[in-house]
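Each of the next two complexes has subunit A plus one other chain: subunit B in the first, subunit C in the second.
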Partner chain A sequence: MGASIYKNKKLIWVFLLPAFLFMLVYLYYPFVQNILNSFQHIKYLGTAGGEWNTPWYSNYVKLLGDAKMKTALKNTAVTIAATILGQVGIALLLALLVSNIKAGAGFFRTVYFFPIVISATALGLLFNLVFLYDKGMVNQFLQFAGYLDRESNQLIDWKAKYAMFTMLTPVIWQYVGFYFVILLTGLSGIPADLYEAATIDGGSKWQQVRFITLPLLVNSIGTCVILAVTGALKVFDLPWTMFVNGMSGTWLTGTYMYSKVYSDVDYASAIAVVIVILGVLLSAAANAVFKQKDDYQV
Partner chain B sequence: MMKKKMLLVLAGVTASMAISAAPALAAGVTLNVTTTYAGEDSNAQNYKDSVAAWEEESGNKVEDSSATSDEAFKSRIITDFEAGSEPDVLFFFNGVDSNQFVEQGKVVSVDEIREVYPDYAANMKDDLLGASPVDGVNYSVPVNGYWEGMFVNKEVLEAAGVEVPTAETTWDEFLAACETIKGAGYTPIAASLQEIPHYWFEYAIYNFQSAETHNTVPKSVDDEYGKAWVDGLNDIKALYEAGYFPENTLTATDAETFQLFTGDKAAFLIDGSWKIGGIAEAVDDIENFTVVNVPGKGDRKTTDEIGGLSMGYYITRKAWDDEEKRDAAVSFVSYMTSDEVVSKFAGVSATALKEGAAPDTSEFNALQVDAIAYTASFTGISPAVQDNLSAAAREPIFADMASIVNGDVDAADAVAAVLEANAE
Partner chain C sequence: MKRKIGPGYAVIYAFLSIWALTTIFPLAWSVMNSFKDKKRIYSNSFSLPVGDAFSLDNYRNIFANYNILRAYRNSFIISGTVAAAVILFSGMAAYILCRYTFRTKALLTLLLYAGMMFPIYSTIIPVMRMQAAWGIVNSPSVAKNLLSVILPQIAGNMSFAIIVLSGYIRTLPVELEEAAFLEGCNMFQTYFRVVFPLCKPSMVTVGIFSFLWSYNDLFTQMFFLRTKENWAITILLNNIAAKEGVNYGALFSSVTLIVIPVLVVYMFLNKYIIKGMTVGAVKG
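On to the complex of A and B.
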């Protein structure tokens, strides 16, 4: 026996097979079936597709002229930009700050990561109260600060006037901690002697960040951006809890697909296909921009 | 050694206790039940009490997943049936919403149940059970009927210097009252058009029809019924533009606008008979509230209202085919639709009981007393026409009311989309 066990590659296949079968049955088969569904007429959710649509690509033609889908795509693009700048950007800033302190780093790591452990639905309900029209936290605060007239009970309908801002604030807030931890881990892998050398050479803090930290962190940032982009494409639960049925024109590709599932199953399947295609294309684009830099892996 | 023996004896005693306790637990059947007796439904507490009483009497258990009746609830039920995770017993709509699971044979007809249990629903008038639109067969057993009316916050009206509407109040007088109420700094109508525009849709289109014609789905947007629907939607748009709904009606939840009404900030609320309990629970002084006829115009008299028996208890095929659950399911539905329980639930609404309901009126609050006077004023009654539409067909109006009232979608286009989806 001895070391020969490590040479026997067949055993590896045995261990890989269950996970592969699981993925095959519960991911790839439904995925292929979903593509077929998008070309068929399906009367009710859960029932098998009957005849092919006429023409078979009619759902995709319908998508091109669907004003709500256009809104969903536009809002999703805004969400992607907001998550890259908001989630990854803020996370990077926080990670840089926390990596530069000695005392309390663990405390901040926990504090910033904590929103991740709260369910998105609970967060949605929480922020519904924060932005509530009458007696909501923000409106009460603005009245208290004198920005809104308290006597006439002047209020702001955040969900109507600033719908995207109201929806994206909790979405961004929830995941900042996630990227913060990834980036902090990346930062911890940068050798300290590089900073020491830079300090001896008279490099300022900003120059150290610009010429040492950011180039060495590019792989971690790339991972975060890819996760943020794909996450933004399928974000659903929190926006749906706060803005059910695309209220105030806040449709996202994920929420619009869900809204169609019960009334137009095959059309919802077509939207799902579009989401996957967009996800693949955008991930590839992000991958190209943040190409793995083998010369300074972190 | 002694210790070991003691432990063995103790383990044996514990095991025998567990074994002897097992049959007692196994004797009770657990039924999965879903109803709409939840949230602010007047009968939410009655339902809980009745379930507890049945559990005690039968030794069975109910795993309850009741929820407020809205589009999400309806979707959940349909999806549960599709996914094969339907409840054993459900209290659900007997109109088009039930078509899918009826067509698929996933619920058992009253006649089939009677072949095994001849007394099933024997206390009900068969012609009022609520036959399925699919095949005209009775599948469900109703409890109590419903009506929709206009609840009034008398304190708001008094503060605004407006009289409580009566059976003679016209639509124009109602609009004038709304203007005065708005001028006094109150919200005339409590309604969330983004979440529950259903009641306003029903009465707004009723105003262009009559009790005889209202329950008809148009064939086209240009026929007389189609035109009535368009005119009705445009009336809702006019109310919105006049500022009679809450400022945030397009983003508020139904719970928020209900709070405006019970919190003395809004004057009128059109809702169903099931809301009486919710109002009584939410306010300190129920005498401050009443229910009146929804002001009408055209052929619809102010006293022509919406009402009927639109829901009932179904036993699913899954429970029926399960020998353990069959008895329990029949026993549960029979208990919940017995004369005694129905009388308790009925309150101020109609029933399908052969003997009629006998509610204890001595316990009625002021709003319930007013509700009796309200129902006595009816000169015509029509079921809600939206119950004839599928979920997909309702969507262009109910999920998109915001777009209709703010002018993004033309009312005629929305009606055309409804009729097109309904025809599929």
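On to the complex of A and C.
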């Protein structure tokens, strides 16, 4: 029965064509073209690549000696580390705490998730005001609290002195709620009788977390880490709104690529290829780390 | 098992409330200051805009200097079209990939997952060239410019949407489709009359994700929406930020204007939105 209904396949291409045509034209073709572009000379954005570079890999040689690219790679590494530890760490702590309460869990979920739906551009603008040198939220608060001297109007230049901290705080803050929800879903899948058995055996709260929750949550944590790594490579809107053109040494691979897109088009293509390679390598690494622990899963 | 209510709970709630405060307060602070003039923001940004301190000047200025409503309109045209097209096309493809077996199925599935791996950076330059050749970039026609954002955004959401919808269609009972087949329905009728209505919850999830992603995506808008008439809300905000510089009141009121509609929608639909934003990521 089931066989005959799906036997007439003459028209299935009508259903498949629109979706795959979109992806062919806007993903696969440009992706391959971009790799070729990175070996060609392109004069203006929007024009086709002409001759091959001499030597053809010259953009990649240039990358090796580019100090800004080095800064961008270093900052991207810092961002990845900060998102794994900060985002997933805080989210894990919050999820463990929420799983222990009954009243208000829904409220916290709604409130924690909220920053994710707001555009990163708006948040970048908002955090510019929060960290504003000239009496922004943090500086004003520190003056009121007496940490900075009010009389002489002492202020901290956050964006110049603590640039990476100022940029990463909102980046991390925005997505904590996202990982929180994923981890909370993972936690709700752990059967309650495991905890009951542990309590009867005299296991403390900390031992329950250490020996039951964390091992059983390892897949969810792995998902979060992979998403945090790939997400950190994509981050653009917020850094760009807060630190235009990599000011104060805040280049990331994405923002640096964009800054070259009008002036040195084929070089920007090469940076994009590096971003892809980094993404593939890092998610493969994260996958490998978390796959070995599959045995814990019930 | 009964849980004891003790001082431990107070600590837990205190911790959780502190994080809740960090997500609520910056926005409340922004709304608060959008109703105050620059002098009052400067002397104390934590005071409430009541009595004398209350002012609508920031909003008057913003509406006088920028066409906010046009930007909202452009944003809704772009993001609404993206969401609708993604739902329609991804659902059809997901249905075939779930139910039919054919020669190129393995290849298409592979391409589908590969599609999730391409960051926008790696496709934008050739896409720019292609769309410039078609004449839909920097065109005098607003509709064409909006289209130049819509098309790449549809493609960018497609593989995620097909993967999510396939996961859902696979859980639907085949018997309904068999009944439709016996009644003489062809593939189109079976999909649009039986399968599509059943997929509603998943379609809502996909639609919300695509809409929000498109609405918030500054990167694509920076490439294709170059003149005022074409600005969507996110690129407008970016330009206000560049122009107004130290006019803090204008910045607070424009942030508030962008955030409030999203906040209102979120209050009513937060369950669907949270699901929409997480489910795709987890599955992919």
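The rule we apply is simple: the second predicted complex is superposed on the first by the 271 of 298 C-alpha atoms of A that agree within 3 Å, B and C clash if a C-alpha of one lies under 4 Å from a C-alpha of the other, contacts with A are read in each partner's own complex, and residues count from 1 in each chain.
Simple rule for what comes next: contacts are C-beta pairs under 8 Å (C-beta built on N, C-alpha and C of every residue); 3 or more make two chains touch, one makes a residue touch a chain.
These figures come from a predicted structure and were not determined experimentally.
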Fit or clash between subunit C and subunit B when superposed on subunit A: clash
First (subunit B), second (subunit C), both or neither touched by A:T110: second
Subunit B versus subunit C as contact partner of A:S263, first or second or both or neither: first
More subunit A residues in contact [subunit B versus subunit C]: C
Partner chain in contact with A:I172 - subunit B first, subunit C second, else both or neither: neither
First (subunit B), second (subunit C), both or neither touched by A:T47: both
Which superposed partner A:F20 touches (first subunit B, second subunit C, both, neither): second
First (subunit B), second (subunit C), both or neither touched by A:D157: first
Touching partner for A:L92 - first (subunit B), second (subunit C), both, neither: neither
80-88, 278-286, 296-304 or 368-376: stretch of subunit B that collides with subunit C: 80-88
Residues of subunit A that lie at the interface with subunit B and also at the interface with subunit C: 45-47, 132, 134, 244
Contact footprint of subunit C on subunit A as seen in their complex: 1-2, 4-6, 8-9, 11-12, 15-16, 18-20, 22-23, 25-31, 33-34, 37, 42, 45-48, 90, 93-94, 97-98, 100-101, 104, 107-122, 124-130, 132, 134-137, 140-141, 144, 173, 176-178, 181-182, 185, 196, 199, 223, 227, 233-234, 236-237, 240-241, 244, 254, 257-258, 261, 265, 268-269, 271-273, 275-276, 279-280
Interfacial residue positions of subunit A with respect to subunit B in the complex: 44-47, 132-134, 155, 157, 159-160, 163, 244-245, 247-248, 259, 262-264
Residues of subunit C defined as touching subunit A within the complex: 1, 9, 12-13, 15-16, 19-20, 22-24, 26-27, 29-30, 33, 42, 44-46, 88-90, 92-93, 95-97, 99-102, 108, 111, 114-115, 117-130, 132, 137, 151-152, 154-156, 158-159, 162, 174, 177-178, 181, 187-188, 191, 212, 215-219, 222, 233-234, 237-238, 241-242, 246, 248, 251-252, 254-255, 258-259, 262-263, 266, 270, 273-274, 277-278, 281-282
Contacting residues of subunit B [partner subunit A, same complex]: 75, 78-79, 81-83, 100, 194-195, 247-248, 250-252, 256, 259-260, 265, 391-392, 395, 399, 402, 421
